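Consider the two complexes below, in which chain A is the common component and chain B and chain C are the respective partners.
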Partner chain A sequence: MKIAILGMGAVGRGVLELVDGKDLGLTVTGLADSKSGLMDKDGIHIEEVLAAKQERGYCGDKSISATDIVEQADYDVLIEVTPTDAKTGEPATGFIRKAIARGNHVVTSNKGPIALHYAALQSLARKHRVSIRYEATVGGAIPVMHTLQHGLAGNRVLAIFGILNGTCNFILTRMAAEGLTYDQALLEAREMGYAEADPTYDVKGIDAAIKLVILSNTIWKRNVKLDDVEITGIDMLTTDALRLAEEQHCTIRLIAEAVPDRGVLRVAPRVLPKNHPLVVEGSLNAITIETDMAGEITLIGKGAGSRETASAIIGDVLFIRETHARGH
Partner chain B sequence: MKLEMKDTPGQLVAALKPISDVGGNIIAVIHQRDEKTDGDVLAVQIVLELQEQRLGELLSLIKGQGVNVVRIGKERLLYKQTVIMIGHIMHTDLGDTVDRIDCTGYAEVTELTMVMPAISEPSSARLVIRAVNKEDMEQALGILRGVAKEKNLLIIEPLEGIG
Partner chain C sequence: MKIAILGMGAVGRGVLELVDGKDLGLTVTGLADSKSGLMDKDGIHIEEVLAAKQERGYCGDKSISATDIVEQADYDVLIEVTPTDAKTGEPATGFIRKAIARGNHVVTSNKGPIALHYAALQSLARKHRVSIRYEATVGGAIPVMHTLQHGLAGNRVLAIFGILNGTCNFILTRMAAEGLTYDQALLEAREMGYAEADPTYDVKGIDAAIKLVILSNTIWKRNVKLDDVEITGIDMLTTDALRLAEEQHCTIRLIAEAVPDRGVLRVAPRVLPKNHPLVVEGSLNAITIETDMAGEITLIGKGAGSRETASAIIGDVLFIRETHARGH
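Our next item is the complex of A and B:
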């Protein structure tokens, strides 16, 4: 199967390395970063391209753009892993639309287009009889979308509760375990590479809220938006608060919660017993799905990382290959 | 409550039926045969939720079934939750904050632990709230949420709803 990849950040590189290192039956025929692009219908030499990117900072020919790759390369699935713009969803949404309109499948890790335009992109994909999959947008390596759409098929999902931001979970874990202040724990998260230079999106709960929107729309198709989520971050938390919770064998975690029957859609720090299944350590993510038939299912796994996110993307690509090969 | 009844078939059902008749909710029935007091009398403990004003009615109905009520222990506020608050808790009239819950009649702040660092730094407090039932707890938390908003306090609620 032929794939084109847009974006050569940590996720794009992770996908390239795995496609190169594992015998998955995938050929990269198009590739673009923010400055350049290249295409080869017989397959791009991945090691050479990774080395070139490392050496000179771009991957291919500066006269070839990402749009050129989307419109002209010979591929079956577009892997869209450019940086997220949560406000506009661009330029990713444009790339995705073009690829679908050409009759190609799309796999993305980009939260912007899915959180903002889920319904429109799905109906466009249906119209062109292709798939758009986005496992990597929520929970990193955790196969939550596959679980919801396939494993739990036929269930009515009553509620979801999740730890969807590894940075916040790392900070809270360190505050509780070592008695660090919020600022100290944030600094440590930065040094460990868990937090961005501007951690606003993470610590204010916005990143978790965007993921909650994606999950909600996947499950309930009610077209909710980021503005519908009631959001409280973790940046006001004190070490004392964590200690007070600890004294009662509890702790504090940033929980994203959606319970449509009660009109609840919110992200906020919450007090939980330490033995609660959602209380995971460090940068892990966890999601509890409450259903009518299966009861509660809790998934735990790595919420970020180059290889882990690439795992979710490759899972989507191979799923598309399997389902569409069977259909034809 | 602890009941004594004849150890014959149908007696336990006869004792339990009036509870639902008066709108009570049975939480547990502890029925230990080895605790037999004397001869054919059986002791049963029942934990239930019931509106207080209907207790008299229930007792006479149970008595009417020939069952003897040995003991009644009452705990009005069965439902307990822990909430953490952060902010200028003291200077935004802590007494009033607690009062807004206490004055509802169905919920109370039964424990308060507070840590106050330097004067200008935000304090942290742990409140244990007790309420008559889950619905009342929701109401009480709603009130607290409103107070927190008004006084610019951060409130960290317990995670409920799973299970």
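Our next item is the complex of A and C:
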């Protein structure tokens, strides 16, 4: 199966390394970063490209753009892993639309297009009889979309509760374990590479809320938006609040929850018993899916990391190959 | 899609109730219990059949056998939910072979055929271009097979660790929480309906070992047998052992583990830190899958129950419909 990859950040490079290192039957026929592109219908030499990127900072020919790759390369699946723009979803959404319109499948880790344009993109994909998959947008390596769409098929999902942001979970774990203040724990998260220089997006609960929007629209097809989510971050949490929770054998976690029957769509710090399945440590993510038949199913795993995100992308590509090879 | 169901115990009735109560597009065209059978290519009236079974103890016509249903009914998928015989796998294995040979898909919750004859049944299914699925055999409602086969596709599974028997987990949870002896906790488990009158199969670790065999053969295609598993049950565990674990902020759980690279295939009580993701309470099940790309993924959910098991079966049926509708 032929794939084209847009984006050579940590995730794009992770995908290239997996395709190169594993015998998955995947050939990379197109590739673009923000400055250049290259295509070869017989397969790009991955090691050479990774070395070139490392050495000179771009991967291919500066006269070839990402749009050229989407429109001209010979591929079955577009892997769209450019940076997320949570406000506009561009340029990723444009790339995805063009790929679908050419009759190609799309796999993305980009939260922007899926959080903002889910219904329109799914509708376009149905029209062109292709798949758009986005396992990597929520919960990193945790196959939550597969579980919702296939593993729990036939179930009605009543509610979801999740720890969807590893940065916040790391900070809260450290505050509880060591009695650190929020600022101390944030500093440690930065030093460990779990928090960005500007952590607003994570600690204010926005990243978790975007993922909650993606989950909600996947499950309930309701077309909710980020503005519909009631959001409280963790940046005002005190050491005292955590100590009080500890005294009751509880702890505090930033929980994203959606319960449509009660009108709940919210991200907020919540007190949970320490032995609650959702209470995971460090930068882990966890998602509980409450259903009418299967009861509560909880999934736990690494919520970030280039290799873990690449794993989710490869899983989507292989699923498309398996399901579409049979028919169209 | 037309389904035939063999077995009208708790699981068979659970499937019938779901098919009747939900608009899943499934029609039951054949049905058998141990004493009788019935078939109707236009669809059996489920409520009538459930009432008849309740009233007189059998579902259909005593001159029609389960074999008649397998061989003569008009169905796409056979749902095989007769009682497990862990020594011979019969009569279930015979039913499954006949259904596959007729070109029908099979979904089963029966551990016998899968633990004993996995490779042969898969080979037969491939020959006839049909699917055999068995999500319900391990972990009840937890979609572990879907996760292994699809969600984590492309990953190499390095190891699995699981709490695969809810009876043992309930007993251990109660021993730790209340300082009960093994005998006291077992009595409570019986009273709550979590343990059978003869609990040997559960408390000696045999049930967990059979599930470990099924998982191992699914993941690594190694064709291991129950005899290959090193098994220690929980029936010799003392209250003292649990108290010692508690003193170190740990607890004891019956863990099934397979690590092929180290030659490990074992069911045994293990001391785990209380905040370990696998440490779940009561009759829950939990499975950690260790992979080369996605890291460790843990799944938690109800390991038993007629509705939960029926959920896993329905998920398999719908997956077969989705994947096979496209092509053959």
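What we mean here is this: the second predicted complex is superposed on the first by the 327 of 328 C-alpha atoms of A that agree within 3 Å, B and C clash if a C-alpha of one lies under 4 Å from a C-alpha of the other, contacts with A are read in each partner's own complex, and residues count from 1 in each chain.
Throughout what follows, a contact is a pair of C-beta atoms (placed from the backbone, for glycine too) under 8 Å apart; a residue touches a chain by one contact, two chains touch by 3 or more.
Here the structure is a predicted model, which is why all the values come from computation and not from measurement.
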Larger contact residue set on chain A - chain B or chain C: C
First (chain B), second (chain C), both or neither touched by A:315: second
Contacts of A:296 with chain B and chain C, given as first, second, both or neither: both
Chain B versus chain C as contact partner of A:275, first or second or both or neither: second
Partner chain in contact with A:115 - chain B first, chain C second, else both or neither: neither
Contacts of A:146 with chain B and chain C, given as first, second, both or neither: second
Which superposed partner A:232 touches (first chain B, second chain C, both, neither): first
Partner chain in contact with A:3 - chain B first, chain C second, else both or neither: neither
Where chain A meets both chain C and chain B, residue numbers: 296
Chain B residues within the chain A interface of the complex: 82-84, 86-87, 113, 115, 117, 122-126, 154, 156-159, 161-163
Touching residues (chain side chain C, partner chain A) in the complex: 18, 22, 24, 135, 141-143, 146-147, 150-155, 274-275, 277, 279-281, 284, 291, 293-302, 305, 307-308, 310-312, 314-315, 317-319, 322-328
Contact footprint of chain B on chain A as seen in their complex: 159, 161, 232, 236-238, 240-241, 243-245, 247-248, 250, 252-253, 255, 257, 259, 262, 268-272, 276, 278, 288, 290, 296
